[in-house]
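In what comes next, chain A is part of two complexes: it sits with chain B in the first one and with chain C in the second one.
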Partner chain A sequence: MAYSQKVIDHYENPQNVGSLDKGAADVGTGLVGAPACGDVMKLQLKINDDGIIEDAKFKTFGCGSAIASSSLVTTMVKGKSVDEAMEIKNSDIARELALPPVKIHCSVLAEDAVKAAIADYRKKKS
Partner chain B sequence: MSVKPPIYLDNHATTAVDPRVVEEMLPYFTEHFGNAASRNHSFGWAAREGVELARERVADLIGATPKEIVWTSGATESDNLAVKGVARYYEKKGKHIVTVATEHKAILDSCHALEREGWEVTYLGVDSEGLISLDELKAAIRPDTTLVSVMFANNEIGVVQPITEIGAICREAGVLFHCDAVQALGRIPIDVKAMKIDLLSISAHKMYGPKGVGALFVRRGRPRVRLQPLIDGGGHERGLRSGTLAVPSLVGLGKAAELARLDLENGEIERVRALRDRLWAGLQENLDELYLNGSWDHRLPNNLNVSFAYVEGEAMMMGIKQIACSSGSACTSASLEPSYVLRAMGVDVELAHTSIRFGLGRFTTDEEIDFALELVTEKVRWLREMSPLYEMVKEGIDLKSIQWAAH
Partner chain C sequence: MVCWKCHEGVQGPVCVGCGAIQPPRPDADYFDVLGLERRYHLDGRALEKAFRAVSRKVHPDRFTKRAAVERRMSLQWTATVNTARRVLKDPVTRAHYLATGTARPPERGGPQPDPDFLEEMFELQSEARRAPEAVRDRVNTLRADLDQALEARFTAWEAGEGDLDGVDLLLAHLRYLATAERLVDQS
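And now, the complex of A and B:
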């Protein structure tokens, strides 16, 4: 696969790899994708009482563009409010990474991971 | 000797042309450039001489006679000619073919084409080792079966089928036996007489020859195999394959066949096998959760196909980009489907996504294997650090217990 330099940079130097305490009340965890489909993303967001995302960590099983999409989305959400993060579209990620058409689903997965992590956080709070 | 990356471990895809092959080809571009079908001048005679020496050398590699070798444009054409040519010639006898689910696409798609024309095809399954069952083969042969096509060694997993036994079963049943031997040539001794093979596909570029030429062995003795040609024209190759011969490339194929035969005698195969074994032993020592795909005992000496669980194949190949290899992952295929060969063996689709194929060759060195072992180890560890699945498994979570949302 011929990838853009941005995908390669994120793959070779992924940002915010790791895990947060999934039991913590201020951490939302999103786990999306399926091993059978070849990609699984785990995205964790640490959200403060003002609804601002203070930290984001990911772990991803998937191809280079899945790893790059995860890495990019962690850098995008940090410092944003939950409502702002909900507005992130997969097309923003795909455009930024110049993903080839067959890899658009990687950016969809990253968007889904953000939404799943926020949903988990909201469930904990309610 | 030092290693100069990238290193080439994809010898099932293609091989470098051996310099000795190139050397032998060169005069046929400029000096002996004649048409091998020109019977009345020295340019034609020289070309013909080169092509006929090549025919002898290819025949020698497989225990055939030169007249049984038909030149083609490569193994895809050889496979097409064998399957469609036999099926159509013997149409009156019956319209049933037996083959295997893990065959190369050149066989499977030729069979699909025949199915659209009214033939019936039985696709034998394979066990978890990648091997067919001889009892299933016997049971599949019917009175209207005209051809059985089983590859010698698989291009993905390197698994070697019981060819001698298959040949005996086919001969006894009175059906022709075609074998795609592309991956096995020069790596395993092949004798079409002893193995009772009636048709055998050969490619030049998988055995250190040039791309664009191949051959089909067509038995002339008992039984004499008849074919309906695919390409009509000037009647070259005794009417079985018209078209001006690619003289320089065929000369190259001949030299490649001679060198391949020498490899079987001079210890080269054992050298490559030892390197492959060293790579596998080293990986197993360094890493956990590795799964060998395909039989270890019935396997090409130069093949290693491993699933590195919890590390997706394409990401792995990006990580080890200094090593040229292949993956059965969906992400590396045009169809976005994981390897049909691995799926036919019953390999979990999850593991199929993590498979990597290493194909060693004549030019693979000890230092390159050491380099590959080190780099693969480092990158698998790095990618597993990043893998949520590896983390979950280490936490004791059964991945099968999770409701994954397929997408």
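And now, the complex of A and C:
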């Protein structure tokens, strides 16, 4: 199966790989798995007091599409409000990367990771 | 079941009375399609034998002189029989099919492991390059446990004890291990 050029670009030059301080009060961590393929993704968001996402980092060791999906989603969420980030749909990611049907779960993983990170942040705040 | 053509009672893909092939049911159970008992412990030779027997009955060569509708049904049957064989041949897809009615997990949703397991999978997948031997050992240990658990579940189920709830989660665990193992192999 051929990857689209956008997947290859993100795969060869992934954006925002790394981690943030898991214990910090302004960092939300999402750890999610894709049961369909067995890939795991960790995504962390640094959120300021105005609810704006200042930084985003991810780590995943799965296939090219999983790496590209998480790389893309970190670039999408930066500068967005938490509410705006919650609106990101996996279909936005899949369309941008031209993912084939068998790789849709990679974009689902990225969407779920953002939601899980925000949920973790909100739990810390409450 | 009644033959759509001669209205006599019919069993199996082809009417014994008039020789008409019957419409394949889109929701047909793959074990039914091949005339096999619904079991996880399935003899590979029995599967091949059943596959060849049904394939012969529905083979397009047998229907070349029949109406277009029957030729089309023959092709549909052939596709269904091939799929049934492919799904039931592999123990993992067979297990998934018995537990959920589908050969593979959905692209969205699906069973989620508990956070501790996911955390360990993340650790194993991230350590695969740095410590391939240790990761491989741990993967093998966890896989042996899962294989044993699956074996126990299906053995009990075949004896009429218990259901297959949660088997799809065990199969998902195997896929997380497979990703870790693939990363070790690539290291």
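Remarks
Definition applied: the second predicted complex is superposed on the first by the 122 of 126 C-alpha atoms of A that agree within 3 Å, B and C clash if a C-alpha of one lies under 4 Å from a C-alpha of the other, contacts with A are read in each partner's own complex, and residues count from 1 in each chain.
Everything that follows uses one rule, which is that a residue touches a chain if its C-beta (ideal position, glycine included) is under 8 Å from a C-beta of that chain, and two chains touch if they have at least 3 such contacts.
Keep in mind it's a predicted model, so treat the numbers as computed, not measured.
By the touch criterion defined above, A:67 reaches chain B but does not reach chain C. If you count the residues of chain A touched by chain B and by chain C, you find the higher number for B. By the touch criterion defined above, A:31 lies against chain B and chain C together after alignment on the C-alpha atoms of chain A.
Shared-chain residue A:40: touches chain B and chain C both.
Of the two partner chains placed around the shared chain by superposition, chain B and chain C are both touched by A:59. When the two structures are aligned on the shared chain, A:99 is found in touch with neither chain B nor chain C.
Of the two partner chains placed by superposition, A:117 touches none, neither chain B nor chain C.
Residue contacts after overlaying the shared chain place A:11 against chain B, while chain C stays out of touching range. In the superposition on chain A, A:19 makes contact with chain B only, not with chain C. Comparing the two complexes, residues 31-40, 42, 59, 61-62, 102, 105, 108 of chain A contact chain B in one case and chain C in the other. Listing the residues of chain A that touch chain C in their complex gives 31-40, 42, 59, 61-62, 90, 101-102, 104-105, 108. Touching chain A in their complex are the following residues of chain B: 310-312, 314-315, 318, 329-332, 336, 338, 349-350, 353, 385-391, 399, 404-407. Chain C contributes residues 104-108, 110-113, 115, 118-119, 121-122, 125-126, 128, 168-169, 172, 174-179, 183 to its touches with chain A in the complex. Chain A meets chain B in the complex at residues 1, 3, 8, 11, 14, 17, 19, 31-42, 59-64, 66-67, 102, 105, 108-109.
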